[in-house]
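Worksheet: the structure to be examined is printed underneath.
For reference, chains read A, B, C and D in written order, and residue numbers begin at 1 within each chain.
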């Protein structure tokens, strides 16, 4: 069995340092507002954070052990249940500097260094190949392109390249909308249940549906033959006032008691991750945080940020008496009782 | 059956652009405070917004279709269940500029362009005629004038002009009060149940009671013979600490399961509209937002704002799996769970 | 029966004008902080306001009448159930200006002008006589002086002068404490149940206990023979984190179903008053607001402030379908529903 | 039996004076941020305060007496159930000034002057001896040193010096973490149940476990043979989003109905103390407040701060009808009811 993953942080590169450095660089090019791309009123990230903050931990120290954070996802062993959430071209990073190697590869490499998993969104197949080359297991989330052939080409290429899983972003069926931008891109569109069944049948890889935010969609995900789902509101970039992730998660878990369930949208710290795990998640995806880390230190920033999250998760698990990911007890998490 | 009303926004005129342009012009003449005319402490708009923000959506993407937002009200087919809330003379717009055509006509014309419905408050009968001429179906909400003859004249003239419905603003029985202004105007006054029955009997048009904010008044509205009600707190301009609209709505709907129920007061975005529809409304009235849109761009601003709201509503309905207005499921709306 | 008390406000002297003028004068001598004398963290006024703001009204317009706000307290007919809360020497007013006549008399006279009731706290017997001379009915709340003879002298003199009721401030048994001031004054002290029974027996006037904030004290108030109680936290000036007035009120009313129950501490607007009445109060005392009004306009300011409150209360009662004070229905008040 | 401990505050040294003076000196060396050493987002102190503020008191004045705040802990009679929470070397105080006598002794001496109890954290055995010399009863909380011999040496020396109790800080098993500092110090580490049983067996003094924040650990504390527990989140310095102290307390008390239960983390005023006592605590520890008091006035500042807390507690107990610590009724505390 796995030994403890206890990590000794390097005193010279901590969470706040990476974060502040990244934020400062993003601010320097005036792109800070683009860190929250929520639709219309940007309610989602605000409400999601308030909701996440309403959970607190009890401590269970008296028969605790140093926690083992390692886990497996899609057959890959990871140092912790924290991975990239479908990373796409970033309008922030591409404006920041000429990147060599390209920032997508630096993120993938940083994740490989950290023993984590990469997950991709809308990238070219050439980019996908170079991302896979960095060594981390890759989950390729295919966008619902209007052109089915393009979807099928992505699914096929992902398998050839050795991705560990593929999936589809169902939450952009009706396009993305940041603030009051015109919804887009036009190359995306709505897919039917039959379309999804065909995509599912077209690949032998585990098939993941991203953007499940109701028991209703959880039930249909199983009917389609999905192997895993991602509870996500796409960072609020498609619909305003999306339900908080941790409010939707228990209902999805109740429908799918045995399926891997990932979550993303708004996770920032190890404590956030443990809340999700206790409430039923199998893993937690991060995206904005990785962009900031990459802005702050490229590949090294990404690796250091992952290590910082591992330290936070391991310590929080240890203090709450969770010896391993499988042993996390729902009962360690409570709603803060206010009036 | 109706085809999808999916709308392609013009990239050159979006919600925030219209809104900010209107707000800037209103600010330039020092009238911004008059956008919130709540009585005494202006609690109503603050509490109403907080209450509206406490609802979130689940997503239902897996058997969704592009939503059809079209609906019928008072026999008129509308592109969406969004209409003007009884628009009166505006102390903001009349100070802003010499309008040609008059701002009331520009609003009515913009609504006609957008396939929506106009609704009027205290306007002269000459103004009413010109408003009807703009082509949108018109609901004429008559004020409770102390002089019953004036009420009856309004009801009669509305029918002659071809209004689709008439009604009465019961929430100003005890006059309006903005902040600490002297309540007014003096020409308004209280009406009895018998008065209302006479007004109801005096017209063959559908008769609408505006300002129903309790099950108590919903029951009496039916007893009077009203054909529809509007759940409204008059934007908080008559009473401080009025119950939030979406808190009152379910009780009114429970009393009047088969009657058209409109709502207004504080609705600003497509997501707000869908919350009201899911909680039992048949349509949503907007007023302040139309004033801002008109200030920002006259007739074109009004049309563009309506189009922006349609896009927001259509996308939010699509993502929540509501294929049509009639198919909106109460269960897509949840209270955000905070401790 | 009483006719409507509907009041026509003078356009030249409204709530906000009196209030702002008073506040400005108080600020000009640096005494604004003394408007909130809460103990330690001054939590009481903050929490009390938040609690009061959590109630909202339904509207009942359809069989409403212009409300009659008049009521009787201690045998005196008042224009509305709003009266002064035990007014003492004011460290603000006495610093403000040389007053002629003295500010206590101006307040009493303004209340008389407005058809309201005066209530006194720690005043000299000479001051009490001049206050009674202004013509408003007077409730004299005697402090729990260590010296019982002084208490008895106050009770006796109040009866001689024609006060309509007397009482005792039980909430200062353990002195007053503003912020971190040394608790005081030393001339006050704790009284036993037997002491209170003796005071009760010493007067033929109605005997009122001020500072009842629990069912426990409500029960004992009846046992002592009190004729009325005042639910009050003394503006938070004796204990930090006192229960909000409207949270304590229903429990006190449940214990004392037939006794007059007044409330004070933190009431500022007509809507606040109606919330208290709906939750079981027979009348509402105001103190800080009267100090501000007196600072703003002396006797005229006090009268005008009372008239403003009457207008607010009358309108709010009318809109909620309360035809008279006795007809106020508990069901018009709701808690705002937020998650 | 004890007579009333009613205290006459010295008009020249009050809570806010000591507090502001201390804070100003701490600010002058730029150390104010170090007053909140919470991990990562420092959520704990923020949430803990919000939670503590959600409790309010009813008043019970009608058969009250001047409260007796005295109590006994570990066989020592104290003027009130308020004591130091395990005080260690302070990175703030040691930077502030050359202290003569050393600040740890000044704190201990101030507590002795005030009839309170000292409690120590990581201090040298030489420091411990000098602390005990100041005269206050001392609870020595031993850190979980990796080196068991050091633990045992501390336990033995504490007994020799005449400490009234010893204990262990179980909440630092996985080190401390302020913000994003590297967790430390390295000399601490995790202890097993067997280790703790050995420590328990190694001393005849009452043995206290500090950092119990769940029913789970309360049960195991009894199994180990602990004589008392301290409900504490270590000021949030080990885990982010720790459960508020007063939320955990009732569950711990339910498990350990007869055991002394202390609490610490975030207590600042007499009202906070009474809330804890009413919810089941036997005593309340303060640390940050003592550092500020010592910064503000050394030994005299500590003594005066304790006296200020006694006054606050005594007055709040008196007003809520709690005649003695043993007579405190759970029912005096209510959650503020907000929607």
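Basically, a residue touches a chain if its C-beta (ideal position, glycine included) is under 8 Å from a C-beta of that chain, and two chains touch if they have at least 3 such contacts.
The shown structure was predicted, so the numbers you read here are calculated from the model rather than taken from an experiment.
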- Tell me whether chain C and chain D, two copies of the same sequence, contact each other through the same residue numbers or different ones, using over half shared as the line for same. different
- What is the chain whose Cα centre is as far as it gets from that of chain B? D
- Averaging only over C-alpha atoms, locate the centres of chain A and chain C and give their separation in whole Å. 58
- Task: Please report how many Å separate the Cα centroid of chain B from that of chain C, as a whole number.
- Result: 41
- Query: Touching two or more other chains, which residues of chain B qualify?
  - Reply: 336-338
- Task: Between the chains shown, work out who touches whom and classify the graph as line, ring, star, complete or other.
- Result: ring
- Who touches whom among the chains? A-B, A-D, B-C, C-D
- Tell me, which parts of chain D touch chain A in their complex? 40-41, 43, 47, 50-51, 54, 170-171, 173-175, 177, 179-183, 190, 192-193, 196, 209, 211-217, 220-221, 224, 233, 238-244, 247-248, 335-338
- Item | chain A-facing residues of chain B, complex | 9, 11, 14-17, 53, 55-66, 269-271, 275, 308, 311-312, 315-316, 318-321, 332, 334, 336-339
